[in-house]
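Here come two complexes built around subunit A, the first alongside subunit B, the second alongside subunit C.
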Partner chain A sequence: MEKCRVVFSGSGGQGVITAAIILAEAAVLFENLNAVQSQSYGAEARGGATRSDIIISDSAIHYPKVIQPNVLVCLTQDAYNKFYQVIRPGGLLIADTRYVKTGKKVDAQQKEIAMFETIMDRIGKPIAFNICMLGVVISLTELVKPESIMKVLERRIPADFLDMNRTALDIGIKLGEAALT
Partner chain B sequence: MSENVKFVQGNEACAEAALYAGLDFYAGYPITPSSEITEYLAYHLPQIGGKFLQMEDEIASLCAIIGASLTGRKVMTATSGPGFSLMQEALGYAIMAEIPCVIVDVQRGGPSTGLPTHGSQADVNQARWGTHGDHAIIALTASNHQDVFSITVEAFNLAETYRTPVILLLDELVAHMRERLVIPEPGKIPLVDRLKTSVKEGVDYHPYLPREDGRLPMSDFGGVHRFNVTGLFHDMWGFPSSEPSIVHGLLRHLVDKLENRAHQLACYKEYYTEDAEQLLLSYGSSARSALHTVENRRKRGERLGLLELQTLWPFPEDIVREKCAGMKSVIVVEQNMGQVLQAVKLAVDEPAKVFLANRIDGVFITPADILNILRLIQGKGV
Partner chain C sequence: MEKCRVVFSGSGGQGVITAAIILAEAAVLFENLNAVQSQSYGAEARGGATRSDIIISDSAIHYPKVIQPNVLVCLTQDAYNKFYQVIRPGGLLIADTRYVKTGKKVDAQQKEIAMFETIMDRIGKPIAFNICMLGVVISLTELVKPESIMKVLERRIPADFLDMNRTALDIGIKLGEAALT
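Now for the complex of A and B:
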């Protein structure tokens, strides 16, 4: 596979860093790929835009940061405003409709997807919002299989929360499929 | 998926390796960006019967592991620059009293409390000369999690072999990023255990009387032999002495036991060096950007190579001289104002051909930063 550089951005508490770890861990542990994950950490990570970088590849990854993402996810307006310029021309930009109003001049496929609203509508709580976002990402990019994400979740979260996360992942996958057409 | 494959931070790789190496006593005081080592061991070490102590500060942390090591334990502590500064006094004591221990310094920006959450490689000379007096030291580093694992095990092995503190100089980027780690099967990496004295109870034991091969067998402190341990110059009994021949002999022994083995202690990796015309020389996280740069430039036909040092002290000057010989230029890639650069210039035949590609603003050095310096050296401008 081509090296895929991904940036998840949003605001603290939305789970973008957790989602990044889950995606990269799924790639390494269950897809036999290489992945590195890092995050900006420190003063600039408080408030404003939080960001986590993931690179997934079948070859070795040396420089671990993302300069131009192939896939950029923006869950807040701040994150969108700060990062949309860095996307690789022709890349995939996924924005949440509840929090982000996208601009028109971006050289990328922009997918505005109602992730937050659908999660609130179907589950009623925002806590699996990030897993829904992961569902959208993997259905649009096929970076890893849904089962690989579920295997990571089984290792990481209490059993009582698994069903809700599975539902959120499925919702995301369906939203992604709908956005493809 | 094998249970041996993990997706972890560099700090966890270091802690896992310490357990693999037989760590059974850890004392520490958490500090960013090393805290995950302490956190991981607080949870896991007691589960295998080891002792974990959270101390009141870094001075106490190093003193605690020195004491534990004397009683026969394999020991480690981890900190960052500000804590490493506090450890310098006890570090000198461990060098003088020849007490095996591993000290991890996950480097962040300094001086002082500096840049707590940003990376740096500016403690290289602190590791060498932070404690006072003539002495020798071993300092090791690594750029990826698999190497962090093996070099951590090596740190324990060298500490035991040479009865010396070993400094493990990690940095924030490698410590906090996550990537694949494959835990080797037990026995895959050989472990060096404490060389214990064969002197029986009731027979005089000389803690500082070297065998013919120069090694000093130890007796667990508090066990069957009574002996003295001091930071003063001491005789073979461990008792203080200012007798010039004893002072001279001990200092020479402390320095020679490591400096005379610099070649043997040198761990390094080389990439694309066979036909290289220009050489990047790097270590730790910077070596990741350097290797990225080398692989990209190779695709464009440039004959660029990389020498990655894992042993920083004693400085592997013979290897550096040999690998740099005949290069059009050598570019030292590091995140400080040229600490390894100075050692390289001293080692090579043509110091005027050695340049620095660095970053000191807390931002991880990028392949573009290195490329700009390469272009400048080649006279192409940025």
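Now for the complex of A and C:
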């Protein structure tokens, strides 16, 4: 793998920080990789778009801040408008169809994926939207295995909610597979 | 304030990452400060001691990694043994009496505080141990105001659990005040 730099962006309640921590823990605890996960907050954080960074590598990570992500996820229009420019040339930009109109020109693949709508259709509430997003990401990138994500969720989430999260992860994986073709 | 570098360390389920995110959000959203919050995981993370870093500053933060913290909290013996040496000269090292025997020589103040025991006495279960720890930290350092922590908790925690968390925060603040004298 070498090194993969990932940024999840969105608004406050969408769970992007939690998703980033879950991805980092899955990589470290169950795939024998190294990871750094961080949030930088400043004046702009008070404005709206939240961002959470993850670096995953099979060797030591020296500089923990993501400058140009290989993978950028934008869950709101604000996040897209603010961050689309940082995508690494040749990278992958994933946007949610419900909240984001893409259309900026970037030197990367852009995929609009109906994560929010599918979760609302299938689960009826948006609480596992961030886990669905993780499913899309791991399906398109193969960064970590779905089982590794599930093992982290088993450690963090009450048993009552595990099924719903597994469903959301599976929905995301299928949406990712569909977007590959 | 200039800049304060903080490290929370402990074992997996103690909530040190959550506490770090709450502290960073309190500083940014309600005290008009800047903050960076990060976790680095590597081979050693699989061993046991978890560490979560926060930098809080009234100006921009350029390098997000904490090398020598001004404030180091150790909630387990493993965490203490692994991290005590990184404390900044003149800094403040806070350890939990139940889990940690201090005794290493450091060029910093060491305070052993009965956080776990007091929480078990007063609340009967350890779930808000991390919030009690935050109370101790803000009481000893005045990094952010208790109201700012509570405002973050109000955004994150179901109403049913707010009272317990407020109690845990207050217990921590009193334990910190007692340790000052």
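Following the convention adopted for this analysis, the second predicted complex is superposed on the first by the 174 of 181 C-alpha atoms of A that agree within 3 Å, B and C clash if a C-alpha of one lies under 4 Å from a C-alpha of the other, contacts with A are read in each partner's own complex, and residues count from 1 in each chain.
By our rule, a residue touches a chain if its C-beta (ideal position, glycine included) is under 8 Å from a C-beta of that chain, and two chains touch if they have at least 3 such contacts.
Everything numeric in this text was worked out from a predicted model, so none of it was measured.
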| item | value |
| --- | --- |
| First, second, both or neither for A:N34, with subunit B first and subunit C second | both |
| Touching partner for A:I67 - first (subunit B), second (subunit C), both, neither | first |
| Contacts of A:T76 with subunit B and subunit C, given as first, second, both or neither | neither |
| Which superposed partner A:I17 touches (first subunit B, second subunit C, both, neither) | second |
| First, second, both or neither for A:N130, with subunit B first and subunit C second | neither |
| Residues of subunit A at both interfaces, subunit B in one complex, subunit C in the other | 21, 24-25, 28-29, 34-39, 41-43, 61, 64-65 |
| Contact footprint of subunit A on subunit B as seen in their complex | 1, 5, 7, 115-118, 173, 176-180, 288-289, 291-292, 295, 364, 366-368 |
| Contact footprint of subunit B on subunit A as seen in their complex | 21, 24-25, 28-30, 34-39, 41-43, 61-65, 67 |
| Subunit A contact footprint on subunit C (complex, rising order) | 12, 17, 21, 24-25, 27-29, 34-43, 45-46, 60-61, 64-65, 155 |
